[in-house]
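I am attaching a structure below and will ask some questions about it afterwards.
Think of it as A, B and C in the order they're written, each chain with its own count starting at 1.
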Amino acid sequence: MTWIANRWYVAAWDSEVDRKPIARTICGEPVMLYRKLDRSVVAMRDACPHRLLPLSMGYKEGDSIRCRYHGLLLGADGCAEEMPVKSERVPRAVRAQLYPVVERHRFIWVWIGDPARANPDLVPDFWPCSAPGWTFDGGYSHIACDYRLVIDNLMDLSHETYVHQGSIGQHEILESPIETEVRGEDVFVRRWMPGIEPPPFWRDALRSAGPVDRWQVCQFVAPSSVLIDVGVAPVEAGATIDAHDAGVRGFVIDAMTPESEISTHYFWGMARNFDIDDAGFTARFKAQQGHVFDEDVDVLEAQQRSIDANPGLKLRGFSVDQGSVRARQIIRKLIAAEGGDGI
Amino acid sequence: MTWIANRWYVAAWDSEVDRKPIARTICGEPVMLYRKLDRSVVAMRDACPHRLLPLSMGYKEGDSIRCRYHGLLLGADGCAEEMPVKSERVPRAVRAQLYPVVERHRFIWVWIGDPARANPDLVPDFWPCSAPGWTFDGGYSHIACDYRLVIDNLMDLSHETYVHQGSIGQHEILESPIETEVRGEDVFVRRWMPGIEPPPFWRDALRSAGPVDRWQVCQFVAPSSVLIDVGVAPVEAGATIDAHDAGVRGFVIDAMTPESEISTHYFWGMARNFDIDDAGFTARFKAQQGHVFDEDVDVLEAQQRSIDANPGLKLRGFSVDQGSVRARQIIRKLIAAEGGDGI
Amino acid sequence: MTWIANRWYVAAWDSEVDRKPIARTICGEPVMLYRKLDRSVVAMRDACPHRLLPLSMGYKEGDSIRCRYHGLLLGADGCAEEMPVKSERVPRAVRAQLYPVVERHRFIWVWIGDPARANPDLVPDFWPCSAPGWTFDGGYSHIACDYRLVIDNLMDLSHETYVHQGSIGQHEILESPIETEVRGEDVFVRRWMPGIEPPPFWRDALRSAGPVDRWQVCQFVAPSSVLIDVGVAPVEAGATIDAHDAGVRGFVIDAMTPESEISTHYFWGMARNFDIDDAGFTARFKAQQGHVFDEDVDVLEAQQRSIDANPGLKLRGFSVDQGSVRARQIIRKLIAAEGGDGI
């Protein structure tokens, strides 16, 4: 496996999961997700323990699910409650695997590995997605590539210049030096642009002209997320790369969940601390972000195909790749610690 | 291989095969079928012995077939009759493999295994499909699943309740006990519903009201068919589960032929002993039956995909599966008797 | 590998390659082709040495190519000229593989094997495609089959009778004897039809009635081309099978380049020494030739599928196949000489 088994992965947006089951393959395992009447989320192996028909094709009865094939009824705990022949005694062994679930920071997180180790404290801290004074929204894309290629992409924003030439690409970004730091399991790539003219987007967000300090901090968070802290503050606010709460600030949120070794669920969005009640701004920004990520999807899928077509060639790391090289080292180390080889 | 090699399999409806060749892969082998002038059917390996172009792409000349590529002419016995260079002597070794064929009970049956063992007496006895006083018609579906999943489906009619909820599903059926019996290579699953109100279909067929005895008898017939004897008789007729010719009776006919290990030719239909000259009834029933089987195809293909996606999970057998468990035991035993492993 | 590694293969028509890069997989290797300002052609591995994105997705800057992902700039010699971080020193090792190229006889030829052995004198002699007094044009087809099946097809024109029954097929051709000869690495299959009535196409080309001598000479040229010398001359011109420049003459040009072991780039066309300034004739003939080759594509792809579906069956060689049997012997011998097994 190319991923860390014993970690929380985003399975869905909170908005995607309702009373009616949805099917999604997470880390290679077919999973069904639905909400109980109390709105808590159930994550169950998406295969009836009887004849393996996907349970997500079944019929909900209260919090239970009845298989569409022979009518085996399973409770929200995965245990059979009624056999196809109703009078038949229900064997204890007839149950579908249940996965630990946490709903936090607007995402549904599931734990595919050893359930005994599913500690909710290990859910990555996406605080800007749920903190007071902030708002957060975004979307979902499916990408036919190894999830690590998406991490590579996001830990190096220099790609914006070329991949997003027609949209958000800016040559100025390439000209600012970056600084890479590893703290525990996190990797930070920082860019500090002091005393510059703000680009239009940030000038409008700030609602004032005049020179600003600008920052971009990409943070890799194990097992497979990247948070990008972006914003500007008026020079007189005295912001620093480490403390910059004075101006306008946002986090580009990127959670990549392996579907298989060559396909990825990509959950993306923007959390921000300005204009937080402006629903129109939120919607316009989400549409624009979706368009920009489509440009990434094209490149990432072409890259995966090229990797497959050129088995003799290896990916090289340059100075721009410091962040992703470190992030991959951490992934490899954590996979090795689980006894995997993380090829 | 997952099937019994030395048995007759349905290759086509009698109505599908005419003078112009058709191509169909049977038990993994590409076969061409056509009728001679005397209307007997030829089953030949669908590959020219010269350069392997499918012979079914060729040109018929009388009872012979001329390859579309270089014009090699093969007789209905598979032997070459004329070389691409007409003056060249025809080598005896140039021939296409011929398969034994029997046309019976409205189907074309072929024998893909050892031709020396192709005894026509082994053709399954689909007597209701050709007996006087009966009529028979039906259709064909291709299913992307192991043929044994279709047998499982048909040997347990409890699935009707859920899969066919909107069409023929009835809760009453689940409430009647079943009885399973193995006789030689046949498996019977019987349901006897004495003294009940007939459902609308059977009341109309019987053309009278009043309580009836009703039966459903699923019969697995090696290598891969299921016949379902269904009907009702007025209580006063004194029908029994073993003898019930008094009322109205039909047979749901299901012949499943492996195309490959994961795909199936499904020949289905209904034979009946009432209203046998009513062509409109036949056509309406066939259309409805096709619609019901489409619901099965959806479930069966989803089940096959789920089996593939959950390699660690096994199919379980409950009491409703007695019939299919026994049918699979017989298939396994017959494959083992041929020296196969019948995985 | 099923092909000879150290030979020139046609990668494209001269008209297909311009300043903007195109991508084409040649002998299993993804290749990018483009013209420099001086119009010479560059053939480069189509994968950025940084993160393997296809270079053909990139941006041209003069004769250099800038990768669309992170902006690595590569010169026409494949060497990096500028890193994603512009100030970074360019390591000598950062380069994309360059393939030897020759533009000749209206084709772009590339050498995928050992570049040290790329002798331009080894480019096959397609003289009618570039000789004074001749004109040449044609097209391109992709075929989902082993390139050797196309050679088989072309070295035996008897297939015209059946595959092209509705278009150019003629029974007369089958009736003329053929003569096969191997000269070095070339195989010739000759048909000489003395003193016959010219078919309409050739009569019109000759612009006169009366008996003619007609020839068809298929020539296999290693590694994978077939040239077919066709034409007629008035009997009084005294043409022979070896010397026939008196009448009207054409060459059907066929260059087959392996894309993979089961797919082929097929470059086809017609060179002729009559009506060479009649562009309308050229266009009409090309359209007709394209139509005829579509018939071949259907047959060749069906043949490949049948070969795959019938692993137990072997291709047989009859007398009509003398030419292709010899051509395959030469291919096998040259592959063996390189140390391959040429399965």
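We take it that contacts are C-beta pairs under 8 Å (C-beta built on N, C-alpha and C of every residue); 3 or more make two chains touch, one makes a residue touch a chain.
Small disclaimer: the values here were computed from a predicted structure and weren't measured.
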* Superposition of chain B upon chain C: rotation angle, C-alpha, nearest 5 degrees -> 120
* Where chain A and chain B touch, do the two copies share over half of their residue numbers, giving same, or under half, giving different? -> different
* Asked: So, what's the distance in Å between the C-alpha centres of chain B and chain A?
  -> 49
* Among the residues of chain C, which are close enough to touch at least two other chains? -> none
* Structure fact -> Per the touch rule above, chain A residues touching chain C in the complex are 152, 156, 158-159, 161-163, 174, 299, 302-303, 306-307, 309-310, 313, 315-316, 318-320
* Enumerate the contact residues on chain A facing chain B in the complex. => 25, 30, 45-47, 49-54, 57, 59, 66-72, 83-86, 88, 94
